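Here the chain labels run A, B, C and D in written order, and each chain numbers its own residues starting at 1.
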Amino acid sequence: MNRDKTSKRTLVTGVIGEDVHIVGIRILEYALGEAGFKIVSLGSQVSQKEFVEAAIEVNAGAILVSSLSGHAETLVPGLRDRCIEAGLNDILLYLGGYLQIGETPWEETEKKFKAWGFNRIYPPGTSPGKVITDLKEDLM
Amino acid sequence: MDLRNRKLSEDEFFTERQEVLAQWKTGKEVDLDEAIAFHKSLPPHKVCVPVLRQAKAQGESYAITGMGKATVEEQIELLTYIEKEGLANYLGTTVDSFSRQNHYQEAEKGIAESMKKGRSTLNGFPIVNHGVTGFRRVIEAVQSPISMRYGAADPRLIDEIGYAGGHTAGAEDALMDFWHHHSKVALETVIATHRYVHRLIGYYEEHGVPLCASCQGLYGAGVPPSLPMAAILVQILMMAEQGVKHIRYHIATHGHLPQDVATADVLRKLAREYYARFGYHDIEDFLSVSFSLVQYPLEPGSAFAVVFMNTLMAHLCGAQANDIRTVAEAKGIPTKEDTAYTFRTAKFMENLLKTQKISVDPHDVEAESRMVEQEVRCIVDKVLEFGDGDVVVGTIRAVQAGVLDNPFATNPTSPCKVMGIKDKGGAIRYLNHGNLPFTNDILTFHKEKIEEREKKQGKKLDYDTLVSDLLAVSRGVLVE
Amino acid sequence: MDLRNRKLSEDEFFTERQEVLAQWKTGKEVDLDEAIAFHKSLPPHKVCVPVLRQAKAQGESYAITGMGKATVEEQIELLTYIEKEGLANYLGTTVDSFSRQNHYQEAEKGIAESMKKGRSTLNGFPIVNHGVTGFRRVIEAVQSPISMRYGAADPRLIDEIGYAGGHTAGAEDALMDFWHHHSKVALETVIATHRYVHRLIGYYEEHGVPLCASCQGLYGAGVPPSLPMAAILVQILMMAEQGVKHIRYHIATHGHLPQDVATADVLRKLAREYYARFGYHDIEDFLSVSFSLVQYPLEPGSAFAVVFMNTLMAHLCGAQANDIRTVAEAKGIPTKEDTAYTFRTAKFMENLLKTQKISVDPHDVEAESRMVEQEVRCIVDKVLEFGDGDVVVGTIRAVQAGVLDNPFATNPTSPCKVMGIKDKGGAIRYLNHGNLPFTNDILTFHKEKIEEREKKQGKKLDYDTLVSDLLAVSRGVLVE
Amino acid sequence: MNRDKTSKRTLVTGVIGEDVHIVGIRILEYALGEAGFKIVSLGSQVSQKEFVEAAIEVNAGAILVSSLSGHAETLVPGLRDRCIEAGLNDILLYLGGYLQIGETPWEETEKKFKAWGFNRIYPPGTSPGKVITDLKEDLM
């Protein structure tokens, strides 16, 4: 696939699964928009299929998945494979929110979700500035 | 669908009911006559209405919060612990989010997985899956009343099973559920399912069983009080029509005490006025208060400050329920220790406060009351105008038109044109009033208040400021 | 000993001083000129008076509490931790109890033992043993001012070294020290040593160094507010005479907010009146508030409620300092984490409160104010009468006669005839007024208030009730 | 020594060492007095010597020592020996208050002070009723 700079700066955002927490991702969308990214917002309760379809349609550089309900462990595995199947070989996958129930050390959580093919994982309280910096670096 | 504000006939109700109970296998356990008899056998200390009445009589507010585990055993352990160690007077069943979406199959998987792992992997108690018999074991194990907590576009089966099981209060709130709990369900559908559950409550009431419904209108982050208040007022008229007799209004406060107290005062006053206007004469109301659900503090020092503020607000607002998040709110689903610990703190704060006559500056409260009352009247009058006097029809049109609106709706059909922001004292004002039908006086007031903060901060208030408002409490301040 | 309320001459002061500095080897480190120069080199954020002034200007109250470890290293670790993690604006040095008794030899042993064990075995920081150079390392390591905290019959060397080291506030309170901190020292002796330290402060003031003295009168468990207030008023006249210019009044409150606020109001008013009457025109005053030191709660849930109440009281009383005990108070000497955690909570509570205009019912406050003012006037007038206008002479006679009295004095010469008890609302009243020179109106008022509680509880109030009053807060209630 | 019932019911009370905390012991004195004991109160800042002398003088059944300052470890050892030296062979020694600095498990504290010859040790929050029951039992 031939991806120009503009499409690389297009991001698909959404909240996965049955999850309705919308405030965090709205704030990120705003900050990312201000920082010059083009945002394709899918809102909340988005399925893996919808994320992938939207990413193909707009030729996105990254998919930003939010999950706060505590069900991420069952909701996100398989997303990377779907992307590969759909030919989105080098798309970035970011994941953030409240990623599991109970008190697991952050390093473990990060390791687990990275193994499922996510490039970066963000905990609650993430500053939008950090995400912008990371995206700029990863999309260079 | 005939969507006017009229009471469902028994026929309509019982016809719809067959379909509802068929949604999951536990539906057939529900026998209304048996359930009514069961409720009548409950001692008053296990029933929400008398317990809330007692709180009112004593000028006390009881801590309430979400509590939900995957299995009956875990749920019993949790609730009895909170009763004993947290000195709780009022308990809750938080329903897991699969059940809220009526995905009972997935909830079933969650129960199995939780049993296997020996720890709850669900974020709440799957009421439907455990059925009437499951919950009866819970209500038998405790000494306090239990209220349901959830948000669902279709709460019909949850309520059928929940009430038959022995819950004596619930959380059926159509606008809240439409805006915040689903992204793909039409408002008409949500109003219809809620009409059903209100009618169910009405049926229990007709048979002498007091159940307490509740209503918050919308989740309050970034929203000035007139909007949730208008959303509450239109809905309590719908509830009352179906025969609901006991309603707990819930207000999400922002920590600016004059505004918070004004919200409570005006809401109680206007509710009485609208009940009277539409001929509902025997509604008993209660109040609960919680800090608006913004980002909560991660570290316990400030988390306790939030419990403190919540308790103070509940006291000053004259609430019967102090709806608090545990000190672990920002960390994840609280452990039973987190909840007990938080409850105990709130209980002792309340003990120290309950007999004390403290109040917010009455001039400040009056100034806030005057504004919020005007704003609410503008909105509700417009809703009723839209519906030619019918509140259901009017509400549906008003939501489409953004006359009832919300900045952070999950449902994409919502205009989401309004946005609130704090003024320099921490009261929340309209930065953007979207399509709210406000007078120029109102708009000028909000503009001036926002300008005061702009002047103080030396910059235009914008979305960035809003972000800082949403994070303020987690940083231990009211406004930055 | 010439015990009249007159300023010590420089001669008298410097003669006595030689003896004081000879009490322990570190005495020779003290060089007043050098110390004055050192104080002048301190930035304002390390000096108590400007920091308290800032609190007053911003309507804020800063958390303060005891902080003391055996070694300089431990003390630095403790204070810097509390500054950073507890967001403290105001620090303290609590002196260990060997030093308070001038047993510097034993304190020396404690330091050695603490070094060997790697943990503090002293209950405070031995100021004298570490000397000026030791404390200078502490004050250099922090960013906030440091106040001394202790009670000692003879605080002269502690103060000489403490102030020369860089403390900018102290705790020289003769009546408190006589009643509560020693069992075998005569009041005359205690007043004389305190006259010396007040004169020392006056000397610094004359040379342009602002130091803040403090005065509480007596430890407040079981004591209605008029008695500590009278004890404060007589003492600030002694302080002012020696040249003290900045005084922090400390009130120990009982949690009945109208009474607590009245105490603060009346104290500020009467202090101004008495200063004026005796011709002290340039005293700047501050206020701190703490919950009266009764039994504190062992479990953290209720301990946080006490922090909450303390903070609310400080706010309502308009105090600059919120004198709190950590949530581990009932457990033992707090760890640095306990203190930081507690401070952070208090800080965030204060953040949420500081801009809010809340107040206690003004009629209730007025009723309490009227009573406490009358009571205090009766006592202080009698003291002055005893001394033919001289407050020192009068105080000594009044203490003997039980006109200034205390129910829980350590010193056996004290009559200990008074006893307070809570009324049904939680305000504290005289169960026994001993020899306090009260009018019949006053006595009737207290009697009626006590009868109200007796009626409510259906039994005579007695020593048993008093025990329950002393334990009430530890059980998370105001009054049982 | 020939000790009759009355003297057995005489108790010497006080706060040991440099300690000035007086409220706890005053409350106990009151409760014990109500329960029929005769109290000889030494107040606060009492030395070992003063305790023993008073106990001899009134032929006491027990000495109740209070210590809150946190210095009990250095203040109470030796009291039992002094009693024995003075011929008070079977006198009861009770100790209560805040017995040490820092968080040691109660069992350890109890063991330590019992080894120093105290018959019973009481933590903060002790109910006067408990002390009365124990005394009655031990003095039977």
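Going forward, a contact is a pair of C-beta atoms (placed from the backbone, for glycine too) under 8 Å apart; a residue touches a chain by one contact, two chains touch by 3 or more.
Please read all numbers here as calculations on a predicted model, not as lab measurements.
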item: Chain C and chain D, separation of their C-alpha mean positions in angstrom; value: 31
item: Chain A and chain D: spacing of chain centres that average the CA atoms, whole Å; value: 68
item: Centroid spacing, where centroids are CA-atom means, of chain B and chain D in whole angstrom; value: 57
item: Multi-partner residues of chain C (at least 2 other chains); value: none
item: Chain contact topology (line, ring, star, complete or other); value: line
item: All touching chain pairs, where touch follows the definition stated at the start; value: A-B, B-C, C-D
item: Chain D to chain C touching residues, read off their complex; value: 18-20, 22-23, 26-27, 30-31, 34, 43-45, 69-71, 98, 100-103, 124-125, 128
item: Complex interface listing, chain C residues touching chain D; value: 97-98, 100-101, 103, 119-121, 123, 151, 180-184, 221, 294-295, 298, 330-333, 408-410, 412, 463, 467, 470, 474
item: Complex interface listing, chain C residues touching chain B; value: 255-258, 297, 299-302, 304-309, 311-312, 316, 340-345, 347-349, 351-352, 355-361, 364, 425-426, 476-478
